[in-house]
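Paired with chain B in one complex and with chain C in the other, chain A is shared by the two complexes that follow.
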Partner chain A sequence: MENLVYIALFAPFVGSLFAGLFFARSPKTHLVGVVNSSLIGIAFIAAVTLALHVAEHGAVHVTMMSWISAGDLSIPFGFLVDEVSVTMMLVVTLVSTIVHIYSTGYMNHDKAYNRFFAYLSAFVFSMMILVMSDNFAGLFIGWEGVGVCSWLLIGFWYHKEDKTFEENPSISPSWAANEAFIMNRVADLGMLVGIFLIYWNVGSLQYDVVFNALPHLADGLLVSIAIALFIGAMGKSAQFPLHTWLTDAMEGPTPVSALIHAATMVTAGVFLVIRANPLYSLEAVHGVSMFIASLGAFVAFYAASMALSARDIKRIVALSTLSQLGYMFAAAGLGAYWIALFHLAAHAFFKALLFLGAGNVMHAMDDELDIFKMGGMKKVMMGSYVYMGIASFALAGLPIMAGFYSKDAIIETAFNDGSFIIWAILVITAGMTAFYSFRQVFFTFHGEERYKALGFHPHDMYKYVLVAMAPLAILAISFGWFMDNFHEFITKNLPDYEMSHETHHLAPYLGGLVIVLALTGIFIAWKKYAGKGANAWKRDEEFEQSFIYKLVANQYYVPRFYDEFIVQPYTMASKKFWEIDKAVVDGFVDLIGKMSYKSGDVSRGMQTGSLSAYLNWMGVGALLLIVAAAITALIG
Partner chain B sequence: MEIGISHYLILSGILFSIGFVGVLRRKNLLMLFFATEIMLNAVNIAFASIGNYYGDLSGQMFAFFIIAVAASEVAVGLGLLIILYKKYGSLDLDVISTMKG
Partner chain C sequence: MDYILSILIFFPAIAGILGFVVDKGSAKAYGVSVAAIELLLALGLWASFDTTNPGMQFTEFSPIISQFGISYNVGVDGISLFIVIMAALITLLGIILLRDDTKNMKNMIVSLLFLEMTMVGVFLSLDAIIFYMFWELSLVPMLYIIGAWGGPDRVYAAVKFFLYTFAGSLIMLVGLLAMAYLFHLESGIWSFNLLDWYTLKLTTNQQFWLFLAFFSGFAIKVPMFPFHTWLPWAHGQAPTIGSVILAAVLLKMGTYGFVRFSLPILPDASVTFTPFIMALSLIMVIYTAMVAFAQKDMKQVIAYSSVSHMGIIMIGVFAMNAEGLGGSIFLMLSHGIVSGALFMLVGVIYERTGTKIMDEFGGLAAVMPVYATVFGVMLMASVGLPLTIGFVGEFLVLLGFYKVSAIGTILAGTTIIIGSVYMLALFKKSFFGPVRHEKNLGLKDLDRRELTALLPLVAIVVWLGVYPKPILEPIDNSVKALLVQMENHAQLESTKEAIIVSKKEVK
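What follows is the complex of A and B.
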């Protein structure tokens, strides 16, 4: 089993090195795409085998070697494959495999094809370290690794020019990459503080040691650790107020958005909370957990409201990701860790599918993102239409789809917990989710064929790419059917969350309410956007001028606020400090140089060439030495 | 009046100063040599007298060494002076100023 762990972990790494070391400078090589995809596939197979093993025999714990060993500090390179991490491994490797295959088609015309695969595989490797590590230090390394890869991949088209905020809210890929990275660094500081606090008070970073020691720690300390770790999670999972980077991250290539900014990396924050469940389910940190749940519910609603008016096809999907992450945090905060993990997995499948479908549309429309310019494309892009339809049904939470089971469980959890405000927000958000996801589908695939007037000639993606996306579609439909099996499997490790009997009999009505709201949302979207001819959608200029619309379309002016009150003052301060730096530090260094220059210039005059002058100088020097000796003798 | 250590040392100091001024002021290389010889002998006097004062022979031994070294140095130096004189026709330092950087 140990070898399988290493295969799952290092196959992506080998792929990354293969592409990065041997093909970085060579022109597009199909071999790279094939080799890297198959290496990730191998990692997936290893993960499946490990999952079967774990289901039967329990967790696998291996220690590869000791990593940091200094004094009392000893951090091994250890890997823990238990129910939680193996679930994450399955999700990560499966989605990565499909995204790799998809990328061979999507990036086919890109000059930097090989570089792309080097980064993408490196990301998978970092993500595997993140989920498999058996200690917080390894988790942090993976955490930073995925951050770097995300930066590299968002800024993949770094040569694009900066635009104004009005033209493009994310300005340019390199700007968006920096924003994502910097915002994550801010949050990572919180996480580091949490890790230091743990080490300081427990003396170890191993999960099992730390979690066993938790009950002996003081309440205030536990709360601080919980808050600090959650700040890290907020950054990576783009929770308010650190959320603006996620929508801007859509500047990266679409496979990247699908893999990193929807299915895997952004769920790392949820994973952290799930992993640290012994901490977050303690009575002492109940307040923090409630905060997590409330923030999750708020973000779910907040992001969904922004998605209602977004025009950029990728931004809509990104905002729905944000909204679904809110659902996961709501579940995790309420103590239903296994439901959060279940929704995480289900979401990874249907959201990756949705993103890849959106990528197909973009590809067909020559990288046009504005859904107002699309419409009626189902004739030319049947495959993508079906996939996006399935994914949207799953996202909207309609029966038999994966999202139905997982989202319903979260909503029921909120009701069962007695947090009716959270429950109400989540229910309303579910209706909004259905509306905006179908708004996007109808805008793109139904209604008038607006693209024709603009001179686009869309065509669907390569056949093999569409076939490769099929597993995601199958899972988006059927993953929910295995909820009971998953429950049985995962609760060996995670605490169970049982619905109480008083509310459980209400569950069908609650589920019914959600379905009704979702169907209403879809119906409104159908009425408004899917019509043709006389019923066709027309722009409502008047509504677009209203305050509410502007507020939502400008993302509640939060990016503006950050720009105005953080970025610009910071830039100004930096410029001032630069000037001070130039005057003081540079000035001082220059002074030293100038002094020796000047003294050389002056003493050059002594070099007359006359031996008697030299002798005179020598005499003066000797006299000075004698005087100095006499003075020291007198003092000493 | 008893002639003591201080008299010797004062003599030595005066001789050394004469030699030192000679080194600084003289322009003729031969005179410079003489000036350095005076300085060396001033030091010799100081060594010999201090050695006598302490009843220690090392001072006088050093004086001997210095005399020997000075003699050989003069032999080499005078040889060089003759060559210089043949080359420049003068031993004036202002004439032999070839070391200008």
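What follows is the complex of A and C.
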């Protein structure tokens, strides 16, 4: 089994090196796409085999070699494949394989095809380290690794110039990439502090050692560790107030958005909370867990509200990702770790599908993102229409679909926990989710064919790409059917979450309420946006001038706030400090230099060469000495 | 192997003297050969170094002025071994990177070889007078390199560099003499032998004043805030090779001085001064990182970032535990490699375009992809990405410092944020976006000479990031020995408490 662990881990790395070292100089080599996709596929097969093995024989734990040892600290490269990590491995490798295949089509005409695959495979490698590591430092390797790959990939089209905020809220790919990296680093500092706290109080960073030691630690310390680690999670999973980078990350190529900014990397924070469940389920940190759940519910609603009026097809999907991450945190915060993980997996499948579908639309529309310019495209893009429809149904949580099982379980958890405010927010958000998802679908594929007037000639994606997307569609529909199997598998590792009998009989009604709300949302969207001819959607200019619309359309002015109150003051202060450095700090040094120079200059006047002048000075000197002696004598 | 340390110290200087008679055209080849042999000797030293022995090895001792206890006394331990190897490596790569049309190539090579002697000498000396001699002698070739091959303000910059550091060193010399005098009072014999000094128990008052005297020499060299202003000038005017050696090796003399002198000889004062050092270091870390962000000149960004990173090293030195101190020694090495490479990279683009202003570039990633990749690797190492050399030291320092101060660690930890702010801003301005000047479209990517100098550094960045053990282990052994020595030597109970060799023993 050990070999399989290494194959799953290193196959993507081999791919990255293959593309990066041997083919970086040529723009496009078809072989690179094939080889890299196959290598990720091999990693997926290894992960499947490992999953079967884990189900039967339990976790596999390997230690490759030692990494850092200094003082008492000893960090190995150790990898743990248990129920939790193997689930993540399956999700990551499956979605990655499909995204790799998809990219061979999507990036077909790009000038830097090989470079793209080098980065994409490197990302998968980092993500595998993140989920497979058996200690917090190893997790941090992956954590930073995915950060860098994300930076490289968001800024993939680095040649684009900076625009003003009004023209493009993300300014430029390279700007968005830097924003993502720096904002994540803010959170990483929290994570590092958590690691330091663990080390100095436990003496090890290995998961098993740390989790076994938790009961012996003081309450206040546990709370600090829980907060610090969660700050780390907030960055990667883009929780408020560190969320703005995620929507801006849409500047990257769409396969990147599908893989990194929807299915995998952004779930790293949720994964961390799930991984550290022995910590977060302690009574002492209940407050932190409740905060996580509340923040999750807030973000779910907050992001959904912005998605209601967004016009950019990728931003809508990004905001829905943000919203769904909120659901996952709500579940994890309430102690339903396995449900959070289940929703994480289900979400990965249907969200990747949704993003790749959106990518098809963009590809067809020459990278146009504004849904106001689309409409009626189902005629020309039937395949993508079906896929996006399936993904949206799953996202809206309609019966049979994957999202129905996972999201409903989260909503029921909130009710069961007695957190009715969180419950109410999640229910309302579910209705909003259905509305904005189908608003996007109807805007794009139904209604008047607005694109024609603008001179677009859309056509659907390559056939093989559409076929490659099929597994995601199948899983978006059917993944929920395996909920019981998943439950049985995962609760060997994660704590079970039992619905209490007092509320469980209400579940059908609660579920029904959610379905009704979702259907209402879809219906309103249908009414407003799917009509043709006389019923066709018209722009409501008046509404677009209203305060509430502007507030939402400007992302609640949070990016503006960051610019005005963080970026600009920091830049100003930096410039001021530089001036101070030159004028005051260095000025003082120069002053000392000048003074000694000047004093030499002045006293040069004494050296006239005339003997009588020297005698005079000697007299002055003697006098001074006598005075000095007299004073000392008087004092002494 | 008996005289290997002396050979290491004096071979470059002797070769340098012989270099005067070498033909002008083959001066560079001669320099490369000498530096390569020196590096091989240093690697040979490592090969025969006993990594399990934390003490001084290959020691040589011969009295010079016995009535004053001045002797030629050298030795190497895990702390100095790798700095010496790094100095030899950086000198070699720096010489390789010299352009063939450098004017007065012969003088340059001779200066560099002399400089190499003084650098190796400083790190191997175990006698205070010998240490001081090498310390001061190192100024001369650097003064000459800046003054002769520098930019328009080179004379001002060179004189400033010389006088500023010289002034500090003189106060340090007074401290060294006072130290020998105190040793004489105590034991009746004169000695400048460091290992003798380690046995001397000084009162806290004596330690206080000696610490200040040493501090003025070391702090200016590091350079600590607010004594850092000579550095941007020196870097701004120095030729590439000067900046590379200055940042990679010469600055480390200051932090090395703290480790070799202040900590073990003056343990109580070191602990007393810790809050003061911490405050200055935190200002260094944050303030200079912000100043780096405000720069328009690429080289100045790297120069100020050097100061910021030296702040992290200082924090680790005064963390008083094996993690922090070991981490700071490792960080000295990694900063040497990374800042050396970054200054080389700035030199590469300056040679091509004649400017270092970032706004003049833009879009270089498309024009010079290999250059951009190497720069990107060094950038990531500079911001401390795991699996690069930059992470190991920074992580250990912050980890160690956390034991001292949680708030301080959070403040120092902002380096991972603001460090990436100025580095990513630099990268974006220079490498991303459209190419701003048409003439930059035709820029040539790295050539053979440049790749020969840079690729070894890339390899080291990755190798020691993934597998730092061969270096970390000897460092760790010597660091623990140093801390034990401090603990045994300390007068105050509070000092002993502050020093943590291993928390397993404490519990």
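By definition in this document, the second predicted complex is superposed on the first by the 578 of 636 C-alpha atoms of A that agree within 3 Å, B and C clash if a C-alpha of one lies under 4 Å from a C-alpha of the other, contacts with A are read in each partner's own complex, and residues count from 1 in each chain.
Simple rule for what comes next: contacts are C-beta pairs under 8 Å (C-beta built on N, C-alpha and C of every residue); 3 or more make two chains touch, one makes a residue touch a chain.
Computed from a predicted structure; not experimentally measured.
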| item | value |
| --- | --- |
| Partner chain in contact with A:71 - chain B first, chain C second, else both or neither | second |
| Touching partner for A:609 - first (chain B), second (chain C), both, neither | first |
| Touching partner for A:632 - first (chain B), second (chain C), both, neither | neither |
| Comparing the two partners chain B and chain C, which touches a greater set of residues in chain A | C |
| Chain B versus chain C as contact partner of A:174, first or second or both or neither | second |
| Touched partner set for A:619, first chain B, second chain C, both or neither | first |
| Touching partner for A:545 - first (chain B), second (chain C), both, neither | neither |
| Which of chain B and chain C A:3 touches, first, second, both or neither | neither |
| Touching residues (chain side chain C, partner chain A) in the complex | 160, 163-164, 225-226, 228-230, 233, 287, 290-291, 293-295, 321-323, 326-327, 330, 363, 365-366, 369, 373, 380, 385-387, 391-392, 395-396, 398-400, 402-403, 406, 409-410, 413-414, 416-417, 420-421, 424-425, 428, 431-434, 466-469, 472-473, 475-476, 479-480, 502-504 |
| Residues of chain B touching chain A in the complex | 20, 23-24, 26-27, 32, 93-94, 96-101 |
| Complex contacts: residues of chain A adjacent to chain C | 24-25, 65-73, 137, 140-141, 144-145, 148, 151, 155, 158-162, 172, 174-175, 178, 181-182, 185-186, 188-189, 192-193, 195-197, 199-200, 203, 570-571, 573-575, 577-578, 581, 585-586, 588-589, 593 |
| List of chain A residues in touch with chain B within their complex | 607-612, 614-616, 619 |
